[in-house]
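If you scroll down you'll find the structure; I have some questions about it.
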Amino acid sequence: MNQSLAKVQNPYQPSRAKIVDIRDLTPDTRLFQVMLIDPKEREQFTYRPGQFCQISVMGTGEIPISISSSPTRPGLLEFCIRKVGRSTSSLHRLVPTDEIGIRGPYGNGFPVEYMQGKDVLIIAGGVGLAPVRSLLYYILDNRDQFNQVTLLYGARSLQDVLFPAELQTLEQHRDLNILVTLDRGDTSVWPYRVGLVTELFSEIEVAKNTVAAVCVPPVAYKFVTKELLAKKVAGEDIFMSLERKMHCGIGKCGCCAVGSKYCCQDGPVFSYWDALNLPDMI
Amino acid sequence: MKAKPRIGIYGLTSCAGDQLVLVNCEDELLTILEAVDLRSFVMAHSDNPEGELDVAFVEGAVTQESDLETLKDVRSRAQILIAIGTCAVWGGIPYLSGMGTPLSDHVQVDYAIPGCPIEKTQLLKAIASLLRGDLPLSLPHPVCLECTIRENNCLLQAGEICCGPLTAGGCNARCPSLNRACFGCRGASHDPNYVSARQILEKHGFSVNEVRQRLALFSGKAYEKEGTQVG
Amino acid sequence: MRTVVLPGSNLEEFLARLAVGHELIVPQKSGASISFAAYDPSSEVVVEYQRTLLPPKKFFLPPEEALFDFAPGEGFRQKPTSSERRILFGLHPCDIHGLRRLDQVFLEGYVDTYYQAQRDRTLIIGLSCLPDEMCFCNSMGTDLVTDHFDLFLTDLGDNYLVEIGSTEGNDLILDNEDLFAETSDILLRKYKVFLATRSNLFEQKLDTSGLSNILALEWDSSHWEETAKDCLACGRCSMTCPTCYCFTIFDEVNLDGASGSRCRRWTSCLYKNYALVAGGHNFRPSRGARLRQRIMHKHKDSVERHGISACVGCGRCQAHCAAGINFCQVLTSLRGESSESIVG
Amino acid sequence: MARIHIDHISRVEGHGALTVELDGNTVRDVKLNLFEGMRGFERVVLGRPFTEIPAIICRICAICSAGHAITAHMAVEKALGIPVPAQTELLRELAFLGMFIESHSLHVFALALPDYLGYAGIADMAQDHKEVVTKALQIKKTGNAVQELIGGRAIHHVNTTFGGFGKLPSQSEVRELRAQLANCLTDMDGIVELLAGLSTPDYAGEEILFMAIRPAGDGYGFFGDTIVFSDGREAPVDQYKTAFQETESQYSNAKRSTVDGLPFMVGALARINLFGDRLTGKAAEALAKLQIPVPSKNALYNNLAQVVELVYALERAIEICDQILAEGLKAEPLPEVIVRSGQGTVATELPRGTLYHSFSFDDNGLVTAADVITPTALNQASVEQEITNLGTSYAGQTEDELQFLFERLVRAYDPCISCSVHIVQVKAEGRHTID
């Protein structure tokens, strides 16, 4: 076993990227617009909705973050990052023109080809909107390939709603059905309701030909999938974007293993069917 | 240029070992002093302007009213408060004698560097992270990780009262690497299984009392919480 | 396979010659344990040993290593890996199988270039062994090797039978021809006797038939928490396992607060924070769940993912567990529970 | 009446306050309050097995931790009759020397020298005297390196055990250490020159009464069996309880010690006064260059006495390394310990003065009584007396100047306040062990 294998590029080494713009979304979440510095790398960087990158603040560390922009709008990459710990705090201290490191894209992403010609029901909670935002724009930019599209979105309170203006524009002009619910707060403002995201199911019709895309906090998957199954969505048509501890993003460090699957490579998007097979998936 | 972080170093009731570890960073001391705005270090410096602090390092346990006053005062002035040393983190030996309590019994502690005394390498890494504006990384492993990496035979398995599996790593398994059982001087690990350790040691022929005394020596508080459910 | 004979009395000389032009690693006594360490002429090479404390994985995936350095404005600098040829002498079949398992992880899919560089520069010289009460490689089908080595030495008393596994291995023989002899029929017969004798010596047994199916069914068994009551969560079983490879990645920053290195360090799925994510959700909150992960990963998940168990039966995990957890026994009692329930 | 109060003496280890009341030109009252909190070592050691005593006791103080650890080992060995091989004694002495090198260089260069040169601390001093500070830090580091190698850790040694060590240093490690020590000794030449040029403030006073342990053998050193006072009194170490008297203090957490009501001083100056004539080589040269008056009337000279001892410690450590390199170290099996009842008292000389450890054990080797008397506690009464003398001499000065002088004098004693207040003195009854 010592014949030299073809030399490949070091998969742990990030590419250099520049922060172009940072927008405050909520008190703890910001949208980062990022550009790869190397023009060749920028050109070659393609991805699918639901894929993620390993983002580095050199000196602090590296974390997995979903790509929140859509491949249909190339050039800048967008990441929507909630401040929860060391690395995310460090990211929040950065300003435009600062440099970060990017590796990726990693993971499988949502099966957009499979979703074509079907109704798409998207369910997001909290910062889980980040990966499905990519899917939303992807669908919008290929609107005729998809049937009815609905977004059920739950946030903690009014001020925690990500992209309120964007959501409003989408709902009004783009033929999308959007329902937003808050854990607590003001219900007089359209389109907000108060309650759990699962309660929104009572307000919608789910057609036979529906594919679901879910990204909610870890504890919520069981409840959401229950509702979906009750609405007769098939197990293999429920796609969930899962969270696990990740260090390498490329299936080496072992930390994100769920049964025989690696969340970073075989996921982060899994079908409900996978979850049935792998008992500690959700 | 960013303003230098304002740092204060305080000692409550202690042996001063953790402050001394900083003074023992002979190669790095001058670099560190350049990089920070040292606002208080009574042990090493006369002119201490105090005031608002970005980071306060506090050593020692709270054993008397004046310790508590100092601690509360420092907490009210500091953005980040770091407990240094097992006395500050767990109460250490003063806790065992019923005379002292750890800092976290009284104020919020943002980060803990355990050790009796703290390890130079960990302190330097912590300072470096703080200079970046990050909280230091925490070490989630017990002494056994480093002990195994150094390929030491297991002293617990060989029948000695080794506290390695119950003790926070970071010392590079100092004692077992010198053929000496770990005393647990770095305080409890993230996930100490006192009950099992006790059963193992009793099987090796130690008395309940001996085992209790040893396991609770430096982190009595954790021992009381986790270790007293059985036996 | 081409074989030659190395008279036992020539081994010392062979090693001394190998040390010229190669970095030579041999099993040696260190304190009370045996470990793989760099050879020097005064080294006491141990040819009869059960298992080293750490497996050879430490040479390919070091316990802690810097992946690259960084500095503001300078980008990333990777330390050049030594390209010196290295020989690992004295690996037992289980450890060679262990490396095969690691190859599957690190060389398939994304190639781990650090692992690859170390692998590429290393020759493996295997060595036969006799089992102790913790070994169960014959149960795992890893008691013999037919590939993944450059040379393999089987101790047949006065002589070693040398199997040659690669051209580079062959070169080592050609370069030192004077030390070797041709294989004889007697020796081949002795080899067969050796194999038969050896396979009778195994005390530890593990019935692997249908093991991954059984494990899948025993997901909710009370055995996990029951066994985990003893577990000290020390992680020694993971560190000493030739096929455990989990690591964390973190940055170490210098006192300028800006430059530093990105590092990785071994970790263990037995550690409480292993599956803990920001916000406090732990995907494996109990010790039982964590112990189950370790066993499932070896005997079920790996079978599903790579078609082969990740356990090579070296016995290290159970030999080094201070809590006395015997993984074979745990597996056997899980099997027992399932058959009992049918009977009952 | 003027009252000068320093509520937290800086550049000393631990927490101490000083109150001086002046009435015209006379000093009315001096109170040194060592207000470090109590940590209750007495409750911890009682009922504990002898094996744990050194590890617990050394936590009394970080700076003299090695001294506490080794002295406690010696006291336990004496109590239980554990034989100590000569090689172990030699290595222990080396560890002691490491402690002296570290402690004295820390105190002289980082804590006291700023007083001589007019800085608030080493950080300020480093701006103008980078070279001295860098050299000083190297010397301090070498002291720690000695302790790391022999003790397994610079602070709170872990390698020392009864009769021996967990692991012996290798020849190459000793060789490396010797080279470092030799560099330091060379650097000390220039430093001694520099210090010889600095003046020590003078004040009027009586001859100070000193106490130290007479070094075993003919040379200088820190181990011995006889307590010696500068007025000629002597007593065997195990009769320390009658050699001087301890009384509780109303205002301090430490006890005061006197002999027939007279305060006495321990530490470097005491040793130099009593046994300085035994010094040879560069240490003797340094003593001559620094012109420390013997017999002394001025406690401020303690700083210079420490410099002499620093040179001695480096020289002696090199000598020991040479001996190890010539003779090699033998891996000796640790002596077998027979658990039994017993009592052991040992006194050693630490950087700040004499340390007494006395422990009693029952048949199971559990502690029934323990007594620890530390140098800073012994010095408390002497500090107060010398402050009185100093205050009387400088009564006309401004309050700020006086405050500076007082603080400087306290600092010259190199007090280790953690040590002084954690006096372990227990009687068997009325205490309970932890459970």
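Residue numbering begins at 1 within each chain, and the chains themselves are lettered A, B, C and D in the order written.
By definition in this document, contacts are C-beta pairs under 8 Å (C-beta built on N, C-alpha and C of every residue); 3 or more make two chains touch, one makes a residue touch a chain.
The model shown is predicted, which means the values in this text are computed figures rather than measured ones.
The most centrally placed chain, judged by C-alpha centroids, is B.
In terms of their C-alpha centroids, the spacing between subunit B and subunit D amounts to 26 Å.
Centre-to-centre, using mean CA coordinates, subunit A is 38 Å away from subunit C. Computed centre separation for the pair subunit A/subunit B is 40 angstrom, with centres defined by C-alpha atoms.
Each chain gets a centre from the mean of its Cα atoms; for subunit C and subunit D, those two points are 52 Å apart. Across the assembly, subunit C contributes 250, 253, 257-258, 260, 267 as residues in contact with two or more other chains.
Residues of subunit D found to touch two or more other chains are absent. For subunit A, the set of residues that touch two or more other chains comprises 59-61. Inter-chain contacts occur between A-B, A-C, B-C, B-D.
Remark: subunit A residues 1-2, 4-5, 7-14, 16, 56, 58-62, 84-85, 88, 217-219, 243-245, 247-248, 250-255, 257, 259-261, 265, 279-280 touch subunit C in the complex. Of all residues in subunit B, those touching subunit D in their complex are 11-18, 20-21, 23-24, 26-27, 29-30, 33, 38, 41-48, 60-61, 63-64, 66-67, 92-94, 96-100, 116-117, 174-175, 177-180, 183, 185, 209-210, 212-214, 216-217, 220. Chain contact summary for the complex, subunit A toward subunit B: residues 59-61, 86, 89-90, 93. Residue ranges on subunit B touching subunit A, taken from their complex, read 129, 132-135, 137. Residues of subunit C touching subunit B in their complex: 30-33, 35, 52-54, 63-64, 229-236, 239-240, 250, 252-258, 260, 266-268, 271-273, 287, 320-324.
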